[in-house]
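Here it is, the structure, as structure tokens.
When the chains are written out, they are named A, B, C and D in that same order, and each has its own residue count from 1.
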């Protein structure tokens, strides 16, 4: 299951928790990715909407794919406002061998950007502005514009 | 500088320390790799020798390379015995953008395996046995066998 | 009746319409200017399953979700 | 005199020898069976700088390190 935080992720305790939970499970490699809100374009925060039912399905697809490689996947994401210099996304992969961990981290994070049902907004002067130009249409987009 | 631990790395406090030190520095991505000793082939621990002067040079080469990409590199490694299910290697890359972080993590960890002046031993029944078959000759090996 | 929900930035409350295929639903949604501008860029799920064909049949009680461009992380 | 140190698993104490190039040092080390078996697989540093040519000159006080195959992590 995806851990959904209301606001910023407590990264220190989350990474500790993941490491503690799995370091005895005989995985040789742990890789993690943490996304932190950058101060740019005058934003005070980013804000996120999540559609949880599809996020869980998408995540389960990846979890199953990694399980076939003997690896374990964990993920957390924020909902609502996440101020600059705090973190909105974290994931970890545990694997017996390093190659699987390194390759899957890259593939997972890129697919996350393209296909996880999460919407991002800039928060400027307290207003939420959809980050349209940084967003990616999901696979299969445009179906209802056809015909 | 490489943080050298006498024995296992305290991963939880190290990752917390790295995150805390840099999350305000406007990096958008942090990636980490942690290597943990697997229980296999009847070992009770791995043990490591490090040649620090050359490790520092090798590490500085990577730190400078990452700095040119606007990214920051941190690394820790153990010396001496590291029991199974504890960790001997950790690194973190902080970068404004995710692609640099993901690509450099992979490249750095692979080069670390091939060229960092660190020697590994299995510890079985208290004896230290050089892990010859898992070790890689460094670039330029065989020079003194020539001629 | 089929329920249609508009996720993320589309920012429109769910509606209920009569439609027996996605093709029929597409014709209805194209007439709503507030929705029409999103169709080109939105993916579609029926009962939380992603779909890629207009021939998908809809039954009463089905829930259709429009998913505009995403950006997590 | 040049100091030669044997790192990691070679497990031999440092020695001091007379040699004015790496080629000369190679000839000396090949005669020590304990060391000779490592030469094929070892990289070489002079004063902590990796070297790749036998023509490298050695001065008195230089420190040569033999680095056998590595495996960190």
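Please note the rule applied: contacts are C-beta pairs under 8 Å (C-beta built on N, C-alpha and C of every residue); 3 or more make two chains touch, one makes a residue touch a chain.
As the structure is a computational prediction, the values presented were derived from the model and not from experiment.
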Leaving out chain A, the still-touching groups: B, D | C
How many Å are there between the centre of chain B and the centre of chain C, using C-alpha atoms for each centre? 49
Here the gap between chain A and chain B, centre to centre from mean Cα coordinates and rounded to Å, is 26
Among the residues of chain C, which are close enough to touch at least two other chains? 73
Name the residues of chain B that each touch 2 or more other chains. 35, 98, 109, 113
Provide the full list of chain pairs in touch. A-B, A-C, B-D
For the complex, give me every residue of chain D touching chain B. 7-9, 22-23, 25-27, 29-30, 39-45, 48-54, 65-73
Provide the residue numbers of chain B that touch chain D in the complex, in ascending order. 35, 48-49, 51, 53-54, 57, 77, 88-89, 109, 112-121, 130-132, 134-147
Chain B touches which residues of chain A in the complex? 11-12, 15-16, 19-20, 23-24, 26-40, 85-87, 96, 98, 101-103, 105-106, 109, 113
